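My questions all concern the structure below.
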Amino acid sequence: MPVIDMDGVRALGRELSNWGRWGDDDQRGTLNLITPERTAAATAAVRRGASFSLSVPADETGPYDLRTSGRFNPIHTMTRYRGDNPRYGPQDFQSSEDMLIIGTHSSTHFDALAHLWYDELLYNGRHHHDAVTSLGAARNSIQNLVTGVVSRGVLVDMPRLRGTTHLAPGTRVGPADLDEALGAAGVTPRPGDVLLLRTGTYPRERRGLEVEPGASPGLSWECARWIREHGIAAVCADNLAVEALGANPGGPMIPFHMVAIRDMGLLLGEMFDFEDLADDCAADGVHECLFMASPLNIPGGVGSPVNPIAVK
Amino acid sequence: MPVIDMDGVRALGRELSNWGRWGDDDQRGTLNLITPERTAAATAAVRRGASFSLSVPADETGPYDLRTSGRFNPIHTMTRYRGDNPRYGPQDFQSSEDMLIIGTHSSTHFDALAHLWYDELLYNGRHHHDAVTSLGAARNSIQNLVTGVVSRGVLVDMPRLRGTTHLAPGTRVGPADLDEALGAAGVTPRPGDVLLLRTGTYPRERRGLEVEPGASPGLSWECARWIREHGIAAVCADNLAVEALGANPGGPMIPFHMVAIRDMGLLLGEMFDFEDLADDCAADGVHECLFMASPLNIPGGVGSPVNPIAVK
Amino acid sequence: MPVIDMDGVRALGRELSNWGRWGDDDQRGTLNLITPERTAAATAAVRRGASFSLSVPADETGPYDLRTSGRFNPIHTMTRYRGDNPRYGPQDFQSSEDMLIIGTHSSTHFDALAHLWYDELLYNGRHHHDAVTSLGAARNSIQNLVTGVVSRGVLVDMPRLRGTTHLAPGTRVGPADLDEALGAAGVTPRPGDVLLLRTGTYPRERRGLEVEPGASPGLSWECARWIREHGIAAVCADNLAVEALGANPGGPMIPFHMVAIRDMGLLLGEMFDFEDLADDCAADGVHECLFMASPLNIPGGVGSPVNPIAVK
Amino acid sequence: MPVIDMDGVRALGRELSNWGRWGDDDQRGTLNLITPERTAAATAAVRRGASFSLSVPADETGPYDLRTSGRFNPIHTMTRYRGDNPRYGPQDFQSSEDMLIIGTHSSTHFDALAHLWYDELLYNGRHHHDAVTSLGAARNSIQNLVTGVVSRGVLVDMPRLRGTTHLAPGTRVGPADLDEALGAAGVTPRPGDVLLLRTGTYPRERRGLEVEPGASPGLSWECARWIREHGIAAVCADNLAVEALGANPGGPMIPFHMVAIRDMGLLLGEMFDFEDLADDCAADGVHECLFMASPLNIPGGVGSPVNPIAVK
């Protein structure tokens, strides 16, 4: 697949732009594709009532090191646990409390549309100076997802399609791959669908299984057009950045992100874990589910940890 | 309603106990009542596909003051926002990041079954010394809910039933009140249901509306028996503690909690906001919904912030 | 005292500027006035060896509320305390651990010279865009004080001079007041001295004593000139901002800060507590001490909590 | 040197005990040895007025990994930095703010006497159940040091004495080594002195210099007796635990800690950096200094980060 340069990103962004599509004040982007009708229709994907968590643990086992990445893994600590509660004196009951210190992009999470931009402007044409300040995102914050993302999820299990446990480092998943995978799964993508891209990489690493080091496998930037054409509302992947990393030498590092978040207003979910879901889909041959995820209610947040659920 | 003393709590606990009901190793309690069949059946509650968030903002507007309560309101802070990213040098894109510091019980949340106990033992008979340590809960942690709580939700809108905006301080909602409210709503409770108790108090306070100060309205301890009989899987309320506070003078402060969490293994959700959902239910006369909530994936957590969603 | 407008601030800044005085690369400002000779000479202020802490507790009893001020009080929490250490298994000893979450300006602290600026430039003429980023202060950080502030401290106890427990809200302490107080104390200011300004306000409030609400008493902006003339190396005060607040109607809110930090490179310490020291000085008539304070070693920090010590 | 078992620890503890020595209510332990007279006399160690920081940076470059140690390195993050202050609207000045999240034992720090105990009792015979709760240390907290540790510091530079850059892993520094080092330095230990033990290990590791992996060099448990006899008030070292680790096979892991903190009430400082000070001492042959350190004012704290200063 060809390298895309900055001008190419800009041109692709104009081509696929959703600015103004849902009004000049819109802050929800492709979430608008999940209409109430689509949400209601998605319940048909529930057959057995089996639930799957799509998250990795929000704890110190994450991939980050503040020394190199500017992100730290979540810190979970007990603050009370042996039944004492000296603030209130002796009581008939005992209780425990704990605390979480978490970067909103450091475990399974959604990106708010205020998370990323280029050429000074955010999704729907707002200048970042006014939109994202020390108080948080005044525009395009994660709170625009507060009523949840409830739609049909469709699993693209690329490693199984290729007969392997995980995609090799640097593998780019292109539009033809998506078509092939969905075709093999017997799924016809519909507007409002949430695309669940399994690469098998990060969850395997977390569990200590062997994965060759190197650039992350993921979507190629050309998938942006495919996503726009099929009316996909969100893409969630089990890698760090949805798209392939190290896959656009000489050009911008994350061209898909740039067009997807800033021009398309596309909801992206990262650091997911599809292992259990994928096993089940392989077993029963059904690759659709009711996808449900709701970010924490963080005013001004530019992301949120989330524990997405798939129900089949 | 009568005062219950510590011996009464113990007797009620024995009467309503679910210890061993789902095996000696069970850590999920009444969540077992939400069988796959119940989850699948709950999708029938979705008619229009309208979604409602049941959470309050996870930010500094919460009710806590560390000086008096031992809890602090969530702290949300931007950590990067003006597009700079000096760690990586100049780039074609800009991005922002933020952080959340949150006590797991300080905004809309679920209590893990490891959160509360009495007489040294947790739900299903484990001693707290082994079960809850500085590393977190080895038993009954919030991670037992990681595949989500997906079932039918039924709204009990007590203030509307009584023709008021919110229950007066100290009001105890008893079993007869629940029967009356559900009857008026045309809802027959089913095993696995999630009971959504609206008192109208805390969300009003948050929005700066006038609420008389005083003891919190909420469930009376006698509702524990009603909940056991009807097979309710979870109770979520828009107050600080589900049950009425200041309502058991001379006896334990929170007798319902003691029996519900420790003996019944009942899932409790607190600090919810039902204002939007309740308006909709009043408008269309339908008081059931598909309830979906998933705690963060926190190994050993004794609670978790959550943004529950109701879909009608 | 007259109101100063923005042009007046700029003119005063030029008049008192220390830019270039200690080299174009200097990041320490008036700390340069504390030469090794001054440090060595300051030990002569030690007579009895009596030590005094000049800090307020770094805990939830602070003055801040995130809802209104953008700052939160320090959060101190135990993370292990009952002797358990399950990570390491049974051991012969037991131990406890705790954690501090603290804004560097939210308790007794020093301001780094990177904390405040105007007209885009920091002390010594660096543009803030390059100097203060999401990684911290690349210039003028608190780490420039890492070898400590060790010099003579001289106490100006204004309330005692005026025969009161604390200055009335809005009281401006001017150059003549400083001269009068030092004269009465028998202290001749010397270059490199640390000026300790007692107003009596904030520590009284902290202890729950009655203080009329209102604008903070503190230095008038005209003291900047006095400080420059006398070669004062640092000013520390027992209020929130050293200078009087609400005292320059129609002009900049904190004109003294603007000139002191940005133009003079003056070290400012805030939220100090001089109550014990002042009692001792009143008792023995000696208003000088060996002042010692060292910020935490925070690379890039724009402030630091500190527990300054006075030895007499 | 011989292995000491648990009974040996108890016997040594009884032998060296300071319980009751400064009253039954004492919470300061050997800090009592730093009398005002000792503090005043220590100023004689200041000759040139040269200051040295004895701390390592309180940031992500620390040695801890939450996955294995239960401790995390300090997190320093900017929270405002580009001059915006939208909470207050446009202003004539701009400012920046930052935040520190720090375990009190995760960078250069003092241990409070409430940090460690055995056989259920803390220093001076208090039971840990009452003394250390979720609210912090009610006894023996770090706040007992709030007026600072100001005394003579004496440097023991073991690597230089042995003609090396750092002690080999597992090296035990015994009483004879201390005598030899101080003799070579021409220093006679005095009651109230702060012993500064350089091993050269941890600061070298931090700077990326080569250090053989392995058990930490440090004091042998037999030094406890030497310290008691010489009236040493505090021991600070540039390793993680003052004493040698991995040096008492088959016996308690940290026997020196157990006797020093719990029985002697000895103040311990850890993770210091003596590199600059040691270079200076080697250059001028003077191994004494005025040592000054003050923990943060943390009510109930069981430790505190600190940036200790040496003045020569």
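Letters A, B, C and D name the chains as they come in the text, with residue numbers starting at 1 for each one.
Everything that follows uses one rule, which is that a contact is a pair of C-beta atoms (placed from the backbone, for glycine too) under 8 Å apart; a residue touches a chain by one contact, two chains touch by 3 or more.
In this text, all values refer to a predicted model and were calculated from it rather than measured experimentally.
Looking at A-C alongside A-B, one finds more C-beta pairs in contact between the chains of A-B. Inter-chain spacing, taken between the CA centroids of chain A and chain C, is 45 Å. With centres taken as mean Cα positions, chain B sits 27 Å from chain A.
In chain C, the residues that reach two or more other chains under the touch definition are 70, 78-82, 84-85, 87, 97, 99, 101, 133-135.
If the chains shown are joined wherever they touch, the resulting network links each chain directly to all the rest. Contacts from chain D toward chain A in the complex involve residues 60-61, 65-67, 72-73, 75, 79-82, 84-87, 101, 133-135, 138. Looking at the complex, you find that chain A touches chain C at residues 70, 77-82, 84, 99, 101, 134-135.
Those residues of chain D that touch chain C in the complex are listed here as 6, 9, 35-41, 43, 46-53, 55-59, 69-71, 76, 78-83, 85, 87, 91-105, 107-108, 114-118, 120, 128-129, 132-137, 143, 146-148, 150, 252-254, 257-258, 262, 290, 292-303, 305-309, 311.
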